[in-house]
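Read the structure below first, then the notes.
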Amino acid sequence: MNRINQKIQENKKLLSIYFSAGYPNLEDTKSIIKNLEASGVDMIEIGLPFSDPLADGETIQQSSTQALKNGMSTALLFEQLKGIRSTVTIPLIIMGYFNPILQYGVADFCKKCHALGIDGLIIPDLPLAVYQEQYQKIFEHYGLINIFLITPQTTVERIHHIDKQSKGFIYMVSSASVTGGKSGFGNVQIDYFKRIEKMRLKTPQIIGFGIADYLTFKLATNHAKGAIIGSAFIKALTSNGVTGIEDFINQIKNEQNT
Amino acid sequence: MNRINQKIQENKKLLSIYFSAGYPNLEDTKSIIKNLEASGVDMIEIGLPFSDPLADGETIQQSSTQALKNGMSTALLFEQLKGIRSTVTIPLIIMGYFNPILQYGVADFCKKCHALGIDGLIIPDLPLAVYQEQYQKIFEHYGLINIFLITPQTTVERIHHIDKQSKGFIYMVSSASVTGGKSGFGNVQIDYFKRIEKMRLKTPQIIGFGIADYLTFKLATNHAKGAIIGSAFIKALTSNGVTGIEDFINQIKNEQNT
Amino acid sequence: MQYNINENGYYGDFGGAYIPEMLYPNIEELRQNYLKIMTEPDFITEFNALLKDYVGRPSPLYFAKRLSTRYNTKIYLKREDLNHTGAHKINNTIGQILVAKRLGKNRIIAETGAGQHGVATATVCALMNMECIVYMGEVDIVRQAQNVARMKILGAKIVPVLSGSKTLKDATNEAIRDWINHPVDTHYIIGSVVGPHPYPDMVARFQAVISKEIQWQLQEKEGRSNPDYVIACVGGGSNAAGAYYHYLENTDVKLIAVEAAGKGVYSGESAATSILGNEGIIHGSKTLLMQTQDGQIVEPYSISAGLDYPGVGPMHANLFKSGRAEFIAITDDQAMTAGLELCQLEGIIPAIETSHSLAIFNQKKFKPNDVLVINLSGRGDKDLNTFINHFKL
Amino acid sequence: MQYNINENGYYGDFGGAYIPEMLYPNIEELRQNYLKIMTEPDFITEFNALLKDYVGRPSPLYFAKRLSTRYNTKIYLKREDLNHTGAHKINNTIGQILVAKRLGKNRIIAETGAGQHGVATATVCALMNMECIVYMGEVDIVRQAQNVARMKILGAKIVPVLSGSKTLKDATNEAIRDWINHPVDTHYIIGSVVGPHPYPDMVARFQAVISKEIQWQLQEKEGRSNPDYVIACVGGGSNAAGAYYHYLENTDVKLIAVEAAGKGVYSGESAATSILGNEGIIHGSKTLLMQTQDGQIVEPYSISAGLDYPGVGPMHANLFKSGRAEFIAITDDQAMTAGLELCQLEGIIPAIETSHSLAIFNQKKFKPNDVLVINLSGRGDKDLNTFINHFKL
């Protein structure tokens, strides 16, 4: 069974962290992953940086740009991830835009992920229909879960459709926004969370976008299986580096004055 | 008999000088006229300054502009010319654009000229046909000669026509140019002078435009009754003032090193 | 009553050719030939083909819905701004360059204020491979820098004019002087219905295409060829002359001429000739002009270089004197505000000259069923900096 | 072979909609409605009326006599430069604003490079009273300052984009992000035949008026509706798509696409996508793009802001791959020289984008009887400073 599915079955709210591989320093990838696991994070999304990340806000854009400047590449990321499974046990997901994956070759990419022990992929600009038509077989062959997104604008029909196609979890975008938008949730978001909750989908949801601290993590996980933090984590990395990871995660997990 | 016609009958080549009234100083008019007569000039064209002298080059434009700035006006010029005939005997002609004359009232203007002892007018932008239709009677009533121009481009027919209408002299423009152009005459001008000479017009011609010194005066008067100096005289006035007039005229009349 | 020109070259008391003898042959050559040339079939064919394929005529007659709603009347805009080079001026320069060619000229001179006429002249000179010299006041060179650049790129030589107010009037003087200096090979393309006869008539005839088109376009849109009002700004008056032309003798159609009042008609910085001027002679024509009691021409002022002229064409002097046209004076500020309003209501950036016409709604009320045609004489690309600075955008 | 789009939103291998889920509802709404809206009689009536009365269509098909003589072939120029706002871009923005209105949107966003699309969008937003936000790279804001001024005057908000190469690609990213942030009330007016399906098809259909007019205009002039060549510059490719549209399946008509080679195709400063690019995904569409081996998009370079884009629309990717169109790359210098040549031979100042098309005579010989139609996609008023500086005029 895929590590994602195993993790989902645990009776707890899940904390997932996104970071851009190669940022702040080219060689930080492995130590960020290890630190995250050591800090008690449940799942990690490793960002494969892209020059034109059009669903991302400034923070992730800038970390991607810097990562590319540092020399990050698909091949190098795979190189860095070699042997990661000798120590890391939590689910690892690669999140990246479709073009770099396409250039690598989708099959080769999946094969490599499989070999390295990657559990799933999030490719925001690979639409469900194209995935099904052209790539699903490959993903499945290599035991990779492809994660789909829903947003507050996704229709009920489409949510059901996505639910049916989904394995692992549904990435539930908290609001109509690119990453790194205003953090915090208002009534609109809460209503949306409740609406989805009531749909009792077969696939658990993990909420992302706008989660930055204990409060927002708590609010989100009141209504979902887990939550994903991206921009807020990258900002912390920028300020405090790899050694600050534990503190950051602690702040998320425990109520305290920040 | 009009002083212009008397002067024309003298058996000599005539030197006529143009200046802008009110330049260099507002009150110079009378003393310029007296100095010119004293220096042996045969005829004077008193320029009534105009804001937009479109047949004039830079020198006369600037002297007109300065004269207006100094405060020159039609009324003031007439004021300054009061009593001029108590001392000055050579022909006096007012040269000016039509609009200021029109605003003064053509009849009033002519009446005033007559009273002051002005002998003729040169109005470059009052065409012959309009003159004949509307103003000739007034001019004649006040004994004023209206001087017409011909240029190298004037057709033979029109020259004959102008000759017929002319009294006093024909103002023969030496070349296709505004005033103050290059001085000196080439073959084209000399041929033109000869061509007009051969036409044996009833009206004597006085050549203007491009005459600046002994040589050009001599050349022009080889082929015509006289010559008019404007821009060169104004330049001399600018440099040397009223007291330099005698020297300037001497240089024109006598061959000498300049 | 006759509002068009008579056989002597006059509109009522106005017009004629008050020119120095040096220009007599040129003007006479033109006078004797212009109507003959303009009625030759091959001229008509060439002129019409260029208007269509090169200039882009017919220019649309556009019903300005939002503007009409704002002022509760029916406003059509005659889109001369869509002509090649961006104003009505090219109608005339196309015509004149074809006349010049037939007169055997190979050197073209022009004056320009806003630069639109200079650009239109440089354009047709490039098209016909003729030398082009444009006189432009130094003040206008600065405020219409964009058009200066266009003329340069088109290969024209621009001569800065430093005399007088360094604007359109002085540029015209300098062009006339050039013509005196080059009487044989040169044609002077005057840019408005000013100057000695036959210029006002010739230019008006070339611009008359505007009202000719309005007639059939309005027929298509409103089932009538006569609007209630034709409205145009007047610098020299060529765009107005063109917009009025086929309506001159048809007094059902009211004519409104809009002049530039600068900082206020009586501020001492104005170009509202009909109010401030009286009869006189400017640039070879008897007309209305702003002058001192002494007959010295007064330096005008307007924010718009193309209206910054102390006279009007003789046709307009006569339309004013006879009462055939109503004259309205619009200040800089009113014009700028009306120009910006058109931008934001209709998505059309008008020239500042044109913006004056658009400001009449401050001064005059129209009925809901009145059909107005405003001649949108030119686009405002040349005036962007003035707009930006004026409104601190 | 089929060169137009298929029912799945692909041109051959290219096209599709590679978009994040956040945009799915918007794109889906558009996909389901665009053809329905575009074929409604009231849409067609309104669209055609605006093209005629507001944009000034048909744009002339002008036989360029002096240019034809110079290159000993028959050159027609399709005068999109005469459209309101000065380029072909407005054909598309008029269409899209009418679609947006019918979809109930009241907020419009757009990206722009040369600023022509930004101006065209600001224009139609003013006309339709909609809020307008334009994303523009900081580099382009500087080099196309004139168009920035126009957008401001028209009431649009301009957002400077500081990411990437600070040009068109980055402005497009930013506009897409805005759309993600405003999924309900906002329509994104893309300015070229790029982006996810149905944009390339929708934009091409709006621009198709160009080739539709060429057909009857050429019939009038040459007694045939098919030229031998249709030539257009390709940034994203919308003016080319419009000029080719009705000739796509008619292989008697040869198509030439002109790309920007910047300082030289292989100089490292170029935007010649067909030569330097390969298949990939950019801005939601599978097409040709300039990218590293790793799939990172390469920052392009061209002196012309409108061609400074690392991709081409999927239609063009397919025309290239299939060999249906010939692709020619023109450097900055060649384009500038050809642009100036048109100014001085024909009195038409072309946009620098367009100037690239005019430079093909350096690279390709035509027969004296060949009939060429070059799409004169825009006027060069926005590029005057670049011309003046380049040639030190």
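In order of appearance the chains are A, B, C and D, and numbering begins at 1 in each one.
Note that in this section a contact is a pair of C-beta atoms (placed from the backbone, for glycine too) under 8 Å apart; a residue touches a chain by one contact, two chains touch by 3 or more.
Everything numeric in this text was worked out from a predicted model, so none of it was measured.
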Co-neighbours of subunit C and subunit B - touch as defined: none
Most distant chain from subunit A, judged by the mean position of its C-alpha atoms: B
Inter-centroid spacing, subunit C versus subunit A (mean Cα positions, whole Å): 67
Subunit A and subunit D: spacing of chain centres that average the CA atoms, whole Å: 37
Whole-Å gap between the CA centroids of subunit A and subunit B: 97
Contact graph of the chains (line, ring, star, complete, other): line
Chains touching one another, given as label pairs in label order: A-D, B-C, C-D
Touching residues on subunit D, where the partner in the complex is subunit A: 16-22, 24-25, 163-164, 169-170, 173, 176-177, 180-184, 279-284, 291, 293-297
Touching residues on subunit C, where the partner in the complex is subunit D: 52-54, 56, 59-63, 66, 79, 81-84, 86, 122-127, 129, 146, 149-150, 152-155, 340, 343-349, 380-381, 384-385, 387-388, 391, 393
Contact footprint of subunit C on subunit B as seen in their complex: 50-57, 61, 65, 68, 73-75, 97-104, 124-128, 130, 148-151, 153-155, 158, 173, 176-178, 181
